[in-house]
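Naming follows writing order (A, B, C and D), and every chain is counted from residue 1.
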Amino acid sequence: MADFWKRLGEIDRRIIFVLIALAVLVPLALKLAFPIPVGKGPSKDFFDSVDSLPPESVVLMSFDYDPSTKPELHPMAIAIVQHLMSTDVNLVAMALWPQGASLAQEILVEISDSLGREQYHDWVNLGYKTGGLVLIARLGSSMKAAFPTDLSETPYGQIPMLDGIQRLCDFDMIITLSAGDPGIPHWVMVASDQLGVPVGGGCTAVSAPQFYPYLQRRVGERPQMEGLLGGLRGAADYEALLRRKYAQAPPGTAIAGMAAQSVAHLVIMVFIVLGNLSYLALRKRKEGQR
Amino acid sequence: MGRLGLFLVILIGPVPALAAGSAGPDQARPVADSFEAVDSPNDAGGVIELSWAMSPGSKLVDSMLVTRSKAGGPENVLSVVSPVSTSYRDTTVANGVRYSYALVPMLDGRRLAEVGPVAASASAQWIHSGRSGMLIITVILAAFILYFIRHGRKGGELYIRQIAGLSAVDDAVGRATEMGRPVLYIPGIMDMDNIQTIASTVILGRVAARTAEYGTPLMVPVSKSVVLSVAQEVVKEAYLEAGRPDAFQKDSISYLTDDQFGYAAGVDGIIVREKPAAIFLLGAFYAESLILAETGRSVGAIQIAGTAMPSQLPFFIAACDYTLIGEELFAASAYLSREPKLLGSLKGQDVAKLFFMVVIVLGVIASTVGQAWDPASEIAAFIRNLTHVE
Amino acid sequence: MRLYVPLGITFIAGIIMILEFFVPHDPFPTLGGHVKDWYTIVASSAIFLGILNLLRVHLKKINLRSRNWQYSPVTIIGFLGMFGTGVAFGFTEGPFFFMFNEFVVPMGATMFSLLAFFVASAAFRAFRASNWRASLLLASAFLVMLGRVPIGDLIWRLIPGAAESAHPNLVTEIGEWIMRVPNMGGQRAILIGAAMGVVATSLRMIFGIERSYLGGTD
Amino acid sequence: MSWEMVGIWGGALLTLCLYSFLYRDNPFYKFAEHLFVGMSAGYWAIYTIFNVLKPNWWDKLVGAGDADPQLIMIIPGLLAVLMLMRVVSKLATYSRLPLALIVGAGAGLQLVSFFQTNGLKQVENTVIPLVGSGVGPTIDNLLIVTAVVCGLVYFFFSKAHRGITGGMANVGITMLMVAFGASFGYTVMARISLLIGQAQFLLFEWVPTIPRILGL
């Protein structure tokens, strides 16, 4: 028996790998689904602040991620763009990450076509520029200096919806979908802290905890961030809220993924329990021998 | 313009407001009130901010013109804004010139009674008013830190507590030497403008001095070209100072790719093939932290990690032997060099932290007491103001 | 000259960036804007150094027939393939874009997803209740993990009466509480401490007290 | 076979090659790894040249379109040339000038940004009343303030962790450990999500094409 506990404690990690793979593949292949309960919290705050934007306001949406975090951030981006475009909010897209620009384009074109929105009147994609914090600081004084043209090289001045948009202060809200550096902290530092433009957004689940301090609300003062979507759960929350409010919103991929997620979590937790059982059994034996 | 407006009214017919039986639009109450123009604060000038409030019960107009004129000059239409907007920034003004502004509501192409005029001139400010508290604190803390650096340089007494991860550096390099396996140093994945990368290249110099001394091969794969240049300089210099310039191999410091996961894939390959006995993961890390640390662990290397990225610290703690947490990373170069002036700056950091602890404790007490006693809440407000930055 | 001119440049560039933050009056915003623009250009131009290094290291490996040299041509061909098509056909469409989207992107996503496996093995190995502090770490990890998926609340509601109680989502709430209170406090201590480290390190750089990044002290 | 097929199959096979690393190092992984490093380096080189250097430097220097040439752009151009001097060992010293600019600008910018957002702002947010609305928030606030103050004590370098300092530092590191545990637990979800993304690609995009390719 003691041998069993010892072997269990030092199990080859490749066995864990196989079980994790199965935990994800099987629920996906069988298309399991769980209900998503959404209560008050950062996801709801974010949804509400986007939902309360009046028609014709202008939102800057920065796609600060790349394909490696696509599974988490892309479903959010789709749901948010869907939301903005169906409520007549004008959308200016940009990216602090090079590959973000084309990811944005993919979503914008598809959703704008399906909802009959018009490029350069309802939305524009300015593309990617390097520089992170430095670039954001530059946008604070001049959008045009940093983005002389949009993604398809149309000069800034020839884009009708950008009339009157000269710098970050001219936006009603900034939404950043952020996979890391540069991302949320930089937008908060410049746009929210220095310029006072409301900032909200989504991030990978991993980085969400470090942004919790930005969410704290005190009476009579704006929080550093309006709200936050964390990872796939955040995306699923947003999808659920969107569908609750606008029944015609198409179903997203985040809700489906939550089932696989749950099973994989269970597998990891079972392993943690097994590891501790083995540890405790061995320790008891050692104490018994003494 | 006026004639065109009239034309439009004839074309379109009676406007809804007239149809509702109220007085004509010209006699309607002003669309907006509390209209004001002020110099935009805390900038280099060149901006005047206009703001107004919609007066309740007024008619909804089609749009509004923002007009501007210089004393005695002609009126220019600056912009057409939507009827529900309540502010406008004029960014085309010259400093020190007085402009007057008016707001002209438009309904069916006709100008209604204008609001205003109001006047303002723009100017530049020398100190950002919302940042003066921070300026004061920055200067005080910088003075503390620079004072203790001087103090250290002059040979003042300085105690520095032990930092486990840093005391282990020698052991780790020593073990690699005994096993005849290389040391791998990973300075994070960010560029040289990141202060963690800067701190890491400084620590790299200290580690390189040890590997030069022990004659152990050192490998430094990097993800940014500027870091490549700096790392080469730093390591070369360390080998020169150790009297082993011959042992310096420029190509052991190599660029892989800027791509985060391309870099992780490359470093994983290096780890499983070269089997380093000691791995240093110091700098700014993102998701690749655990990919590198778990692979390093699987080849049995001693791992010393350190980062100020709060989100990656748990993984280093789970997978590495020693982890420098946040500020400890920045203390590392001073700790390893044992140079008095650098140790002095650690003492300065401590004083800065003490300052903040006192501020927090005082502020918490004041705002707690302030719930019942007003003067205390004023103290709390003062403290919040001092630390508040715009 | 080898030391003092660079130190002077570091000092001036650093001070301009700091003053730009506090002084909105010209010339600082303009100077700050220039320094930021120049920084971007200079840092980007260094990419050529990286490319040369990458190519040299692999060509040398092939020349010397070092261990695993057979794979070096793969790197070189991969690089030239992307670089060549990028120059010839542009980077927003055509073969460059295709190869990037279809090959580079999935490889990045795959490397990233390796973390799902590593997180599991690291959790299994590291989360042992060896003392009370480790037990706290374990407990908070476990509860948050459970609170992140709907299944945590579904399990809680198996207890009779739990679903109708005031807290039908108790597990999620506990997870959120851990994130909001102890986690926020801990993170904040790290943030403030690290900010002090950044300030001190930056000052050492700007005032030239730490200068080993310039390669020595001569 | 269409280009789309080439893309799906190439992506899927490379994905499987990289996953094989989980078993152990092998020629498939080595191939994919070397290809990944090369291709991504090529990608970044092109992107940097055409999306950064060209619009932000060259176009401004020569005055692309109807803009006036900005002669001040000669300065960063010169600095960039000095940076590249590293390849000539005699002139390598001059690369210290651009490095000095990069480090100086980075240090200055990070000093104010970190101090504001991670320093002062966090201090300001911690100045909260302990009592107020009910028992729950009081305990929460007390815990947050304790964690911050004791956590800072843990980072003291010039004081031995003994006596009161030691006690507070102990509380501090304990709170940090709870935070790390929470952060780890929170992260697991994101990591699984990534695997789900890749599994979806393999299951729903690649697997359905297998019969077609095999002519079934």
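Operating definition for what follows: a residue touches a chain if its C-beta (ideal position, glycine included) is under 8 Å from a C-beta of that chain, and two chains touch if they have at least 3 such contacts.
On a predicted model such as this, the values are computed, not experimentally measured, just so you know.
Visitor: Please tell me whether B-C or A-B has the greater number of C-beta pairs in contact.
Guide: Looking at contacts between chains, B-C has the larger number.
Visitor: List the centre-to-centre spacing of chain B and chain D in whole Å, with centres computed as mean CA coordinates.
Guide: Chain centroid spacing, chain B to chain D, equals 14 Å.
Visitor: If you average the CA atoms of chain A and of chain B, how many Å lie between those two points?
Guide: Distance between chain centres: 20 Å.
Visitor: Quick check: how many Å separate the C-alpha centres of chain C and chain D?
Guide: It comes to 2 Å between the two C-alpha centres.
Visitor: Which chain A residues touch at least two other chains?
Guide: Answer for chain A, listing residues that touch two or more other chains: 13, 17, 20-21, 24, 68-71, 130, 134, 193, 204-206, 209-210, 213, 216, 233, 261, 264-265, 268.
Visitor: Give me the residue numbers in chain B that touch at least two other chains, ranges are fine.
Guide: 134, 138, 192-195, 198, 226, 229-230, 233, 255-262, 265, 273, 287, 310-311, 313, 315, 317-318, 325-327, 331, 346, 349, 353, 356, 389
Visitor: Using the touch rule from the top of the page, what residues of chain D touch 2 or more other chains?
Guide: 18, 21-22, 30, 32-34, 36-41, 43-44, 47-48, 51-52, 56, 83, 86, 96, 99, 102-103, 105-107, 109-112, 114-116, 119, 121-123, 125-126, 128, 145, 148-149, 152, 155, 176, 179-184, 186-189, 191-192, 194-195, 197-198
Visitor: Examine which chains touch each other and state the graph shape they make (line, ring, star, complete, other).
Guide: Topology of the interface graph: complete, with all chain pairs in contact.
Visitor: For a test of understanding, state which residues of chain B touch chain D in their complex under the given definition.
Guide: Touch residues, chain B against chain D: 134, 137-138, 158-161, 163, 192-195, 198, 226, 229-230, 232-233, 255-259, 261-263, 265-266, 268-269, 272-273, 310-311, 313-315, 317-318, 325-328, 331, 335, 346-347, 349-350, 353, 356-357, 359-361, 363-364, 367-368, 370-371, 380, 383-384, 387-389.
Visitor: Show me the residue ranges of chain A that touch chain D in the complex, using the header's touch definition.
Guide: Going by the criterion above, the answer is residues 14, 17, 20-21, 24-25, 28-29, 68-72, 98, 127-130, 133-134, 148-149, 155, 185-186, 188-189, 193, 204-206, 208-210, 213, 216, 218, 224, 230-233, 253, 257, 260-261, 264-265, 268.
Visitor: Write out the stretch or stretches of chain B touching chain A in their complex.
Guide: Residues 79, 81-82, 84, 89, 91, 190, 194, 260-261, 284, 286-287, 298, 309-311, 389-390 of chain B touch chain A in their complex.
Visitor: Can you list the residues on chain D that touch chain A in the complex?
Guide: 22-23, 44, 47-48, 51-52, 55-56, 59, 65, 109, 113, 116-117, 121-122, 125, 128, 179, 182-183, 186-200, 203
Visitor: Across the complex, what residues on chain B touch chain C?
Guide: For this pair, the touching residues of chain B are 42-45, 124-128, 131, 134-135, 138, 141-142, 145-146, 149, 191-193, 195, 198-199, 201-202, 205, 224-226, 228-230, 233-234, 236-237, 240-241, 251, 254-262, 264-265, 273, 287-288, 290-291, 294, 308, 310, 313, 315, 317-319, 325-327, 329-331, 333, 341-342, 345-346, 348-349, 352-353, 356.
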